[in-house]
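Below are two complexes that have chain A in common, paired first with chain B and then with chain C.
Then we have the complex of A and B:
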C-alpha cells in the first residue's frame, strides 16, 4: 500500500443551519481500493460526497486528494488557508462524481457530453478529446449511442455516459452516489459489471450504496456511517461477517430482513 | 376619394426603401437587447439584494410606462442631463432598453427550468463559472426562449415606427410625407401597414422554421 492515500479525509465536519450532518469524519482510500459507504438514510453519505467535490463547503476539517489539499489547507503555524475557486477548480477533475440522477447536459449528444469538459477544462484539442471520449463510450458499450441526446437514452445508458464524462478527466478517484437507486432492480447486475470494469483498470472508487449485497460483491472495504460519523471501517468480509458496532449490527439485521433488498441483491452475488 | 391600387403600387418602392431603415434599426435593437438582456440576467442571478432591488425599480418603470414616453425621454429629457443623442441613437437606445428588460424577464423564467443538478455536475467537473454560463446554461436558455424572441422581434419592428415622431425618416414618416403632398392618406397608410405586415410575417415564419429545426435537433 502506497504511503500517500488517493483520498484522505480528516476531521470533516458540516453543519446545516446548526444541525451537524457530518461529524468529524475520518476516511482514507488507497490507490486501487473500492470502498463502499453504507448507512441509514439521512446519515450524511451524499453530503460527504458533495463535500469531497466542494459542492458543499465543510465547516471544518481537511480533504486531500493524492496528497494535494482540496478547498483549504493547514499552513505551517496552524493557519488555515482557504483556496480560491480557481484553485479548487484546478483540482476538481481529479475527483470524478457520478450523481444519482446523472445530470447530463441535455442539449449535447452523449459524445459531446464527454468531449466538452475535456476541451474546456483540460484544454485538450477537439481531436484528442473526441478520440478519448469515443474510446471510453465504446468500452462502456455505447458505441452505437454516441450521437444520441440524453433524452433518447435509457437510465443505464445515461449512467454510463456520466461515468465516461467523469473518467475522461483522468480522475484519481471516482465517487458514486447510489449507482443502483435510480435504475430498475434488474439493472443492478449491469451496474455492478460496469463498476467491475473500472476496478479492472485500477480505478479507485468510493461508492455510496444501501444495498448490502451490492457492497459485498463489489467492495474491498466497507465504511459504515451513522448520524454523520463513520463508526466502523474495514475489509468488506470482516465488516459483514463480524460487525463490532451495535448500530452496524442492527443496521445489517434490518437490511438483511428487508425482502426487497434480499431479492434485488440476489443477482450480483450469483 | 376612392382607393387606387395603381397609386399604392407606385409609392411602394419608396416605402420599401424606407423599410431598410426600420429593418436596420430593428436588427441593431434586437442585438443590443440580446446582449444586454443576457448580461442583465447574469447580474440578477448573482442575487445581490441591493443590485436586484435597483433593477426591479427600473423594470417596473419600463413595464409600466408607454414605450412612446420612454422614447421621448431618451430624445428630449436626456439632453438636459448632458446626453445629446441623435434621433436614431436616442430611439434605438430607448427601444433596446425596453426590449432588454423583456428578454431578461423571459430568460429568468427559462433559468428556473434548468435543473440545478446540471450546474453542480459542471462545477464538479471543474468548469469555471463563465464556462458554465457559455457552454451549459445560455445555449439551453436561448433554445427555450426562441418563441419569445421571435415575438419580441415583431414588437421591436413595430416599435421602430414610433421613431417617426422623433424625426427618424422610416416607413411611417415617409408615408406621412407622401400623404401630405399627394393628399392620399388612404393608400399611403395601407402601403406602410403592408410593409410592416410582410416583414413581421417573414420573421414569424422563419422563427417557426428555426423552432422546428431545434426540435428536430433534440429528437
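Then we have the complex of A and C:
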C-alpha cells in the first residue's frame, strides 16, 4: 500500500445552522481502492461528498487529495491558511463526482458534455478533447449515442456520460452519490459492471450507497456512517459479517429485513 | 367639428423626427439597461450578505419610485454636482436605470429557476463561476428571458414619453409642439397613438423573431429525439 493516500479526510466537521451534519470525520482512501460509504439517510453521506468537492465548505478539518491540501491547509506553526477560489478550482478536476441526478448539461450533446470541461478547465485543444471524449464514451458503450442530447438518453446512458465527463479530467479519485438510486432496479447490475471496469483500470472510488448488496459486491472496504460520524470502517467482508458497532448491527438487520419483506411481497410464490 | 388630416400632412416630418428619437432612446436604454440589469442580477446572486444587500437596495429604490421622479432627480441632481449633460442623454440614462431594475429581476429569476445542480456540476468539475455562467447557465436561460424582457421593453418604450417633460424632443414632445401650433389635439394625438402602436408592434415582432431563433437552438436538441420528432410532426400536421 502506497504511503500517501489518494484521499485523506481528517477531523472534517460541517454544521448547518447549529446542527452538526459532519462530526469529526476521518477517512483514508488508498490508490485503487473502492470504498463504499453506507448509513441511514440523513447521516451525512451526501454532505461529505459535497464537502470533498468543496460545494459545501466544511467548518473545520482538512481534505488532502493525492497529498495536496484542498480548501485549507495547516501551515507550520499551526496556522490554518484558507485557499483562494482559484486554488480550489485548480484542484477540483482531480476529484470527479457523479451526482445522483447526474446533472448533465441538456443544451449540449453527450460528446460536448465531455469535451467542454476539458477545453475550458484544462485548456486542451478541441481536437484533443474530442478524441479523448470519444474514446471514453466508446469504452463506456456509448459509441452510437455521442451526438444525442441528454434527454434522448436513458438513465443508465446519462450516468455513463456523467462518468465519462468526470473521467476526461483525469481525476485521482471518483466520487459516486447513490449511483443506483436514480435508476430502475434492473439496471443495478449494469452500474455494477461499469464501476467494475473502472476498478479494472485502477480507479480509486468512494461510493455512497444505501444498498448493502451493491456495496458488498463492489467495495474493498466499507465505512459506516451515522449521525455525522464514521463509526466503523474496514474490509467489506469483515464489516458485513461481523459488525462490532451496535448501530451498524441494527442498521444491517433493518436493511436485510426490509429486503426480505420486499422479496416476499414481490414474489408471493417463493 | 370634423377630422382634419391636412394638419398631419403639414407636420408629419416633425412627428417622424420624434418617432425616430423615441426609437433611438428606447434601443439605447434597452442595451444600457440590460447590461446594468445583468450586472445587478449577478451581484445579487454572489454569495455573502453584502452584495445581495447592495443589489436589493438598487432594485428596490428604482422599482418603488415613479419614473418621472427618477427622471427629475437625475436631471436636476446632476447640475447640483456640477455635471451638465444634454437632456436626451440624461433622459436615456434615467430610462435605462428605471428599466435595469426590472431587467435585473428578470435575469435573476431565470437563473434561479434553473436547477442548482447545473451550476454546481460545472463548478465541481473546475469551471470558474464566470465560465459556469457562460457555458452552462446562460445558454439555458436565454429563451426564458425573452417574453418578460419584451414586456418590460414595451413598458419602458411607452414610459419614454415622460422624457418630454425635460424637453427631450421625442415623439410626445413633438406632438405637443404640433398641437400647440395647430390647436388640433385630436388629430395629433390620434396620429401619435398610432405611431406608438407601430413602434410597439415592431418591438414585439423583433422579440418573436428572437424567441424563434433562440428557441431553434433549443428545439434542435428536442428534434434529435426520435419520439419527440414524431409527436412534434404530428402536432405540426394537425395545426
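Here is the rule we use: the second predicted complex is superposed on the first by the 259 of 270 C-alpha atoms of A that agree within 3 Å, B and C clash if a C-alpha of one lies under 4 Å from a C-alpha of the other, contacts with A are read in each partner's own complex, and residues count from 1 in each chain.
Simple rule for what comes next: a contact is a pair of C-beta atoms (placed from the backbone, for glycine too) under 8 Å apart; a residue touches a chain by one contact, two chains touch by 3 or more.
These numbers were taken from a predicted model, which means no experiment stands behind them.
*Asks:* In the superposed model on chain A, is it clash or fit for chain B and chain C?
*Replies:* On the shared chain A, the partners clash.
*Asks:* Considering only touches as defined above, state whether A:205 meets chain B (first), chain C (second), both or neither.
*Replies:* neither
*Asks:* Please indicate which partner A:167 is in contact with in the superposed arrangement: first for chain B, second for chain C, both, or neither.
*Replies:* neither
*Asks:* After superposition on the shared chain, which partner residues are touched by A:97: those of chain B (first), chain C (second), both, or neither?
*Replies:* After superposing on A, A:97 lies in contact with both chain B and chain C.
*Asks:* Should A:195 be classified as contacting the first partner (chain B), the second (chain C), both, or neither?
*Replies:* neither
*Asks:* With the two complexes superposed on chain A, say which partner A:148 touches: chain B (first), chain C (second), both, or neither.
*Replies:* So A:148 only meets chain C here.
*Asks:* What is the shared patch of chain A, the residues that chain B and chain C both contact?
*Replies:* Touching chain B in the first complex and chain C in the second, residues 53, 55, 85-86, 89-90, 92-93, 95, 97, 99, 101, 103-107, 116-117, 120-121, 149, 151-152, 165-166, 169 of chain A appear in both lists.
*Asks:* For the complex, which residues does chain B have touching chain A?
*Replies:* 115, 117-118, 120-129, 131, 135-136, 139-140, 143, 218-219
*Asks:* Which of the residues in chain A end up touching chain B in this complex?
*Replies:* 53, 55, 85-86, 89-93, 95, 97, 99, 101-107, 116-117, 120-121, 149, 151-152, 162, 165-166, 169
*Asks:* Report the residues of chain A in contact with chain C in the complex, numbered from low to high.
*Replies:* Against chain C, the touching part of chain A is residues 53-55, 85-86, 89-90, 92-93, 95-97, 99, 101, 103-107, 116-117, 120-122, 147-149, 151-152, 165-166, 169.
*Asks:* So in the complex, which bits of chain C are touching chain A?
*Replies:* Within the complex, chain C touches chain A at residues 115, 117-118, 120-129, 131, 135-136, 139-140, 217-218, 221-222, 224-226, 228.
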